[in-house]
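What follows is a pair of complexes built around subunit A, which joins subunit B in one and subunit C in the other.
For the complex of A and B:
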């Protein structure tokens, strides 16, 4: 189907005079690209993507697939260490196996899912282009005089007799009334056309441009350096590399604050304490000269900030969010060596649980050697000491005190809060535990979102397009006195009632009484 | 008129097609893992338990077995004696066995090494930088790297038997 209405006069082209059914007013009868040619491959591809029906089918497929992808966990969220080929069948049976074999375990990054999303994107572009061109052509010119059958064909149409002498005055009054309603009026002899809100017709296309910008923004994440999503734990006092960046972050202090009783509203009973603030005081360093991995980095301080929940550290593109915390973790044991003969303390020493010293010179004569260290101590089944994790959750040491009385060393186990000496003889030394050192660790989410401003901008454009399309209507009113009675026809893209009411208001001012029903005498009524 | 329109369509479709192929290629077909068999082992330098440092690129010309381990991991502990035997057996054939301890303190590692009588060099990766660089997930993970610095085999999990170690060492032994 090609052009259906004469572009200059609006007369239906493939219609006999007097026929009542009027062609569609869509794009004012100008032909759409996709509806004219379909001979070559290019045309066929073009036509496929310009079809809203096809777009809707693709959107529905993506919706269904996305839903199916949430039935079982995606591969990266498998809760066990089993490889995926074993996990899905073990945890979810045959269905899980099928799920895995069909590739739903990696759905959102699978080639066909991405392909569908991109095809929707293409469809968005081509659907828009295919429609915006004829629409622009149709709206660019606004002919005043239209063929009587065009006027009669409009959904809003009425006619009434006007006295020959009144004609000029009526037209002038109509023109004035329409201008008061902010119409743009063009008059040509005994006919006029009035239009307003044409820009509203571009709303959907502005909206689509915004969506395309959002898609481009999302695709930009795939480019190296545009997107980063990682995580790092940092103990107080520790400086750690921010994964995937040349930056290092130091946790100076982690602060957890609680609401005081008087901060809470009266009558509110809470169990335990309510947290008011999680905060990491952080220093960001940059490694300016890239060295071999593992070499001690040369760091330059570039930024200091207090990282609070929803208030990330920002430096250039890098964002560090407060995400987790582990508070009151043991970091060092504080002990005193006691001489058992006098019962007095010989000296205090510290056993750092993350990096204990190999030996400690306590006095001129006494040295403590750290022989063994188990961070998370347990006995194996055959009574061997071992550590069950690298974290110092249950530290145990074997130390040996070298002194004039014990030149060979006096060995002892040091556990959390207790010691175990050799059973063979009465020990020369014992240990007193003082308050241990504790630290807090902060868990920081590492993000880079370079394309985010672009995505925000695209979303803003979408919003502008929606507002343009929703809150304004494109209204056109034709008035013609060339064919005897005054003919009034009108068209809008939405809110037909509003259009009719506006016309009635203008006519009422001129003391012409027309009812809303009389306005609906056009060829196509809803 | 018609010809220029078809040309326009081809142009628009071509631009979109290129964008789509680029995006799909990027997501689905590029291997994001840089560490894999056949790839070059990234260079690094780490302190050795008994003093000094070892840099991987300094070992060029030799086969290198890199074993990432922790004393809390039973299979790591179990395969240590086999690695130590391989160290003595292939020392003169130009193959280095190197253990990389993940995050533990020097005192803990040194007492562990003494208990097991291990002689091969042990590097300390206290900040897990090299562990992250090599994308280590389960441990033990062992890399067999040839004289040109190319990863020939990655063994994930353990313990490895003497035969397994031997088989992969012969693959990386310089002539």
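For the complex of A and C:
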């Protein structure tokens, strides 16, 4: 059931002799599972996924859906700080609102989009299985003698009279000519068959296996430990834990370079400043349990590298990418304590914004106590001081100076560039601001992508399959002298023009003049 | 050196033009000469081929010189990329011409390459040093491979268009609804090409004349932003205040649309339509009907095969360049191999479309005209990915806009 060509001689089955239309040569007429069974649910599912028509429909749906997803930015690419429920309507009007309400702002991670992709994956597997088995069966054997109607039915077919005495010589010449064109020739009496490039028929299946490997690689990222996506800010000089890993990273130095005139080729001018390099000189430590029992874990240096854009730090599975930077951020305030009576400086001190000191012993007699520290200072509604965030964006200190004159301490607020003392009495001390310490921070993207080699391997398989399938063709030529005139028929899975030209070249060497049009008079064409 | 390299590009463009003219003579001159038509076609075909080949080497010189001067492959901005795409189209044409030796192919394919180079010249031509994100050898590998694949697809497009012009029935009944007529869609396809030509003409014309209109646009925060138009404004920016006395605007762009981009698009469409009707009224017939006699001697099956062959050759290269190499570079540069950036999505869409084409053709027997329509549409996707996505949809790939 389902087989349309006799498997040994190629005679069309279920067809009258005289009919001109020839059945499909695909898989040489061998039946596929999907054409044979359609009773149970499994059969029906199998048949749905084995249909190329259905596969193409799914591809087109994914194509259209993907295009819709680019009409407005996806949620992750929203260019403003607005939350999505506000952004889409504000930036793109009613259409934007509908877009958001339909969930298109997260289209590529939506359940239906992923389902479609998986369905295409299933279709890849079933389409391939449904076809590769009959194809293998058909191509495994290469019968020399085919039924005359099989030969006449080929798209490339011609026949011409050969003198009885010339037959043997002609066949020999043909065989030689075909072998020169790298055909594998099998001869049986007065007939021969030539074949080349059969491996090209496996190209699509190799390519589909590759695609399946890529899909599996992508799905592997869902396994715990295969995929990590995090972010860490590290100040110069700071050592920080890499989130989700036992590693610590130290930012030794952050470098931002611009193109200078001497970097540029002659005659090239640049408007404004163009960045040449963002770079973090980093040291990676691993936290290891100390050999001495009870001792705290220690950090062991395992790797150092210069992290640049396009040049991530790689250590085992861990990848650190240069992603962002914060330049010239305050790291410490430098102050001097002034004696108001003399107007002279008593001493300089530093208020580190990240590790504020508790007490500063300025001289033998004078101590500065740090009572309060607000990294990101603001007043609450009921006039209480508080910090908005743990980042020192707007630092404020409450300090107290303990001295022989002020044994109880003289309190004062220290803000960025200003101070505020007690209003009750004239203060003994005031403060002078010197240039503060600044520091650069680097923003490092933390990634683990363990399935990446697998995905690359799958992509390599895809390429091998594509090259096999598209840069070679499977060509077969049948020549038969058993039925009177010399019959020549040929089949290829693609590039008919090339096949015809090849045949003409072989015939021309034998001084047989056939035109390309004469070759095209096979059963299928027009 | 920079001047020399620019001159080489200009020489290449002129040689391509002469090459195209030779191909036209080869095809149309068969009838109006007394000599043997086959000899005539072959001779002028080769003249066209060698002129194109000379242009190709001249453009190769441009690329090498520019690479030497700038220190990086000339594929780093819109000008360099579009010129390179023109280069790959010519390369693909040369290869396919050597296989099939059909002069008419040159008549269509070489001008497509020329349009890309002309389009490139609309963008700023200065050599720019590479920003950190582009400092990678993947810039050379990914961009050149992707462009090569797309260049080969362009030949598939040219041959598809030829097939349609050759086979679409020009005597179609006018009683058929207009949108069901194949001639309508064929004319539409041709006018889309003319829109690109119109855009190039308009931009070149007005930039040579130094045309400039500035708008001031108040922002939400009370600041004023400036926007400069280089084409007369049909559509002004939303709430924009024109600073000089000049033509327009006839209306304002919606708030969420960039007025200048909308205006540029309107100019392309309008100039394309004007150009189309100008030609049509001059020759008093459909453009496809006028071109059809040139192709009557060709075997449609051969053109069909050229179109398919180009796509079959281009598909693996496109897959490698635009998806696989793109993935590897994205993993190196951005820490993720795929991020649904609009450009990535459109590369995927193009790839899906061509894979649908190949499945329909190889598995469902879509030969001839169905296949040709798809080849034409496929290249529209390519152009959309390269031009529209870069200029209109912002994303990680956006270069400076016009």
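Just a few scattered comments:
As a working rule, the second predicted complex is superposed on the first by the 425 of 526 C-alpha atoms of A that agree within 3 Å, B and C clash if a C-alpha of one lies under 4 Å from a C-alpha of the other, contacts with A are read in each partner's own complex, and residues count from 1 in each chain.
In this text, contacts are C-beta pairs under 8 Å (C-beta built on N, C-alpha and C of every residue); 3 or more make two chains touch, one makes a residue touch a chain.
Since the model is a prediction, treat every value here as computed from it, not as a measurement.
Shared-chain residue A:371: touches subunit B; no touch with subunit C. In the superposition on chain A, no contact is made by A:450 with either subunit B or subunit C.
Contacts of A:292 after superposition: subunit B is touched, whereas subunit C is not reached. Touch criterion met: A:46 reaches subunit B, while subunit C stays clear of it. Residue contacts after overlaying the shared chain place A:275 against subunit C, while subunit B stays out of touching range. Of the two partner chains placed around the shared chain by superposition, subunit C is the only one that A:264 touches, whereas subunit B remains out of contact. Judged by the touch definition given at the top, the superposed model places A:198 against neither subunit B nor subunit C.
Which of subunit B and subunit C touches more residues of subunit A: that partner is C. The contact sets of subunit A with subunit B and with subunit C never meet. Chain contact summary for the complex, subunit A toward subunit C: residues 26, 52-53, 55-56, 59-60, 62-63, 66-67, 69-70, 73-74, 76-77, 79, 91-93, 96, 108, 229, 259, 263-270, 274-278, 308-312, 319, 321-323, 445, 447, 449, 452, 455-456, 459, 462-463, 466-467, 470-471, 493-498, 520, 525. Against subunit A, the residues of subunit B that register as touching in their complex are 2, 5-6, 9-10, 12-13, 16, 19-20, 23-24, 26-29, 42-46, 55, 57, 70-72, 77, 102-108, 110-111, 115, 125-127, 129-130, 132-133, 138. Listed in rising order, the residues of subunit C touching subunit A in the complex are 1-2, 69-71, 99-100, 126-129, 131-133, 135-136, 138, 254-256, 301-302, 305, 308-309, 312-313, 315-316, 319-320, 323-324, 327-328, 331-337, 339-342, 345-346, 348-349, 352-353, 355-356, 359-360, 362-364, 389, 393-395.
By the touch criterion given at the top, residues 33, 37, 40, 42-43, 45-46, 81, 109-111, 114-115, 118-119, 121-122, 125-126, 129, 219, 222-223, 240-241, 243, 292-295, 354-358, 370-376, 386-390, 398 of subunit A touch subunit B in their complex.
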